[in-house]
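So that we are looking at the same thing, I have put the structure below in structure tokens.
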């Protein structure tokens, strides 16, 4: 109850502040619309906005799933071998800095205007926190436990599966939570540079280009909502899977 | 030595592969230029590119520094109080999902076309991993150590400063490393939406629009380089400050 | 100084409920030295945590006539901060209390000296042996100069000799400072040597089986003493009491 | 079975160099039970780690005539996996070795039973007392049915009674399986009761001060035995040896 | 710069990016035309019509060229307020379609059944129904896919779309993006004759005297740029090395007739033509009826 009531209350306060600011400072509506305008847009186009949101949500989760697979694989490789780490990590860091806008032409050339290019951008944006957090987690295993596996002559694979990975899970989840947030950013960027008229990101950008600021903000609102829902789905999953982590820390 | 040699070797391999791909698959140069073209662009405009890169680097570090301050403050508030956590966290997650493209007009209205709007975008992009990682770190203190501080009747502030914060530092650094990477993304986005004509991100976008793909890739290369350098500066700092963390883990 | 009235403590988790302590009535007077013995898992550490205020009792009342800071607790595990060296781990309470660090450095070194850790001030905890870590945590508790000292098997990881030396030291401190002490131990010898009274806990749920008074004047030492007989009698009684508990069926966590 | 020739081990860190062991010559035959005693920090754990192959000697040679998996090590700290319950912590080596879990569950329960942990199979490590955790780690080492058993103060957190029970159990196992055992302890009684030979280490750098043969037939028990005199003699000798080391100035880590 | 103390500071935004078609502002700056008028102009890079209008409305910028049609549509529907047009940079609209040689499109009729890529909110999309009606084609037979401005050239070159919305001056860039293939443009002005190209916008609050000075300098730069396209391209390239001087020169050459138009003075904007534009848009149902030219323009003296 409280867990829902508090943020809603806080949100209402924020909306109130927004309302007041827009009124008091006479912010031009083409820059920031008033909350009512946004609300009326939500009411005006419920079906359209739902369809577009659903499209984005699918992109996000598909891309996120792929990013998890790739990210974990990379993290395992990096933390398993110093050579891989030293050779790959800097490249990964550099690669991650490539502006996604710059790969637009490649995207269009390879994929056209479907969902793939957007999923591709989602993956690009969100795999890195997964890699980094997982590597950090895998490396944080206490020396005690590694000594135990060594005394049992455990293979590297078993040590990973039975000790390092479980130990890394809390940090892995931090990575996932960051990644899902970035996945939404990625979906919007993908919809922006990837072309086509699907997705809530497209709605936002198109509405903004047409100075339909109210609609743009309605889209942003829905995007934020989906992002919050996805994030807390992960939080719930974490609580379910890792009770020990909360019980042994304080 | 090896730490530098390996990635350089790997990079050279990548460049070789790139060269071959471009040759073999006859990729049009306006989509992906060949490595020589990129090299010649670097040689052609060294001063201009250096100035623009330096501008971006300043944006990045200024924004990063602000994000660290804000991120840490938020993280402390969130992990100090359940109420703050429940009220603020969902909003933060939603806020983080707002497409930066959508806030272009607001930025320009508030800040004009100077460096501030770009720094602002850098902050927006990179404060979130700092918050999340720091909160996760602050919450991972072993029950043992918290019991110790409780037995000493330590105030919350002292418990934070003397136990939770030091314990959280390794995870905090994971957050910093993610943040610095995102800071570069933020700088480019800021330069893209914030107007003005400074920064390597502007160079990349403008060159791309003018189908000067060689120059765009040269910009990307410099961006990646700065990103790698900044990232490893943090890694070095971590090694310097947290030897205990590496010594007690394995 | 310390008063427990019908104190009980239950732990309930997803895997069932464990009653750790039940109906504990105990009074410890100012300056008294009470030892607690009992089988592993019978609730000794839980008792100390209750007295220290680290756990709330699920039944009964715990009253301690001292502020939190006047109570020092030595935990069963060393609980050292991995990023601090030995000296600064010992000085940790000083920093928490906001005392002047400078004024206590000498005291810390002295304690480390007594504990046989001279020269290790700059080492990090992970570079120490198990017993050395335990001694560091002992020094950390002693630097507080507490009115109430709660010690949870402080010598378990130490050899007989070091143990003896530190026992002597502890007696000296107790004689000088009149620190009210509760001392959990598995060594009947230690209990008999140090305590005014020895509380014997029976296991699951932990109850007080008996409290044995050790009516021997201080300072005591084992074996070379005119009260040998009395000490031996106490030891035997404690052995017997501990033995009794074996018969009791060990209860399981109620599912 | 185990052969150490002039083994030494130095730890060098940023805070100076500590010579933990120096010139250790030791041979342990198959089926032999060797106890190691010595002051805290004298290098006992380091010795076990060297034999287990967890540390490389900085000088000399360590030879063990058994594969890694035939050597079981019980660490000084329990080192339990916090996300596994008691039973599955005990079964951890089984999983690592790729043995059939099913076939070993019964054995694990039996061991837990013997250790007085029946009914706690489903509890998580943080819900156990210190001594209970130590017993879980003992069960984990025993489930391996090793040819070589390395035990680092396995009973330090246990009460006298549990200790006695487990000592008996250990003797039984040793008699049945002829496990070559190195057993680090702080209890001279325990050493004398269990071991064929007792190695006395002198501290910093750890050297072998003497090896005391315990020429008493098995099964032994303290006090009620025709060899009481011989056992007492050994105990006294060990005490004396440990005392000697006090004179030696404790060396500091060379800076 | 040391005399900049007594110069009036002005913030100018390009219409979009720093293409050759924007060179005139850089020329005016380089040649000192702004300084002559006592102005210290800071040229920033515009990111599109919407952003430019928002920047002007919020006072973040003082002057910016914006496509006239987009401007009238936006202002007439009340989505933006407080800005006005002071002059016309191009007398004739440069908006249009562009396709590549061999894609089989040479006349408006060929558009039917084809896929067109266009930036969302672009004038081409907004006016397409009007264009289709006047050109006699069925607008419903053309599929319009929104494509980010930066990807239009690539999408056309990769034949992900058959035709794109593009200013006629975009020809050299599109050809470069297509690896040298010839581009074909279908300008709107062939069918809808009255549309202006970009108009120079400013806030309604701007001092008319300042507007006049700025406009004089800017139009002088425009005159120079279209008369000396090669030099103008180089000036642009010097200021913005991302540009391609040769492409810029070609753009300016193409732009010259559009800037000059037929018979009007360079930069001139008049009520009569604006009222015709309003008529077209009202007929198309894009703006409410009854709008007056004065609501949109305040020509400089």
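All chains are identified by letter, namely A, B, C, D and E, in their written order; residue positions are counted from 1 within each chain.
Keep this in mind: a residue touches a chain if its C-beta (ideal position, glycine included) is under 8 Å from a C-beta of that chain, and two chains touch if they have at least 3 such contacts.
Only a predicted model underlies this, so the values are computations on that prediction, with no experimental measurement involved.
Taken together, chain B and chain D share the touching chains A, C. No other pair of chains shares as many C-beta contacts as A-B. As a whole-number value, the distance joining the C-alpha centres of chain A and chain D reads 50 Å.
Inter-chain spacing, taken between the CA centroids of chain B and chain C, is 50 Å. Per-chain Cα centroids separate chain C from chain D by 25 Å. Annotation for chain A: residues touching 2 or more other chains are 30-31, 101, 104-105, 109, 143, 147, 192, 205, 208, 245, 248.
Within chain C, residues 77, 124, 126 each touch two or more of the remaining chains. Counting only residues that touch two or more partner chains, chain E has 50, 54, 58, 150, 154.
Those residues of chain E that touch chain A in the shared complex are 48-50, 53-54, 57-58, 74, 79-82, 117, 119-122, 145-148, 150-151, 154-155, 158, 160. By the touch criterion given at the top, residues 144-145, 147-154, 158, 162-163, 166, 242, 244-245, 247-248 of chain A touch chain D in their complex. Chain B contributes residues 28-31, 45, 48, 104-105, 108-109, 112-113, 192-193, 195-197, 202-203, 205-212, 215 to its touches with chain E in the complex.
Touching chain B in their complex are the following residues of chain A: 2-3, 6-7, 9-11, 14, 30-32, 83, 86-91, 93-102, 104-106, 109, 128-129, 132-133, 136, 139-143, 146-147, 170-171, 174, 177-178, 181, 184-185, 188-189, 192, 201, 204-205, 208, 216-217, 220, 223-228, 231-232, 245, 248-250.
Per the touch definition, chain D reaches chain A in the complex via residues 52-54, 67-69, 71-73, 75, 77, 79, 81-83, 92-93, 95-97, 124, 126, 144.
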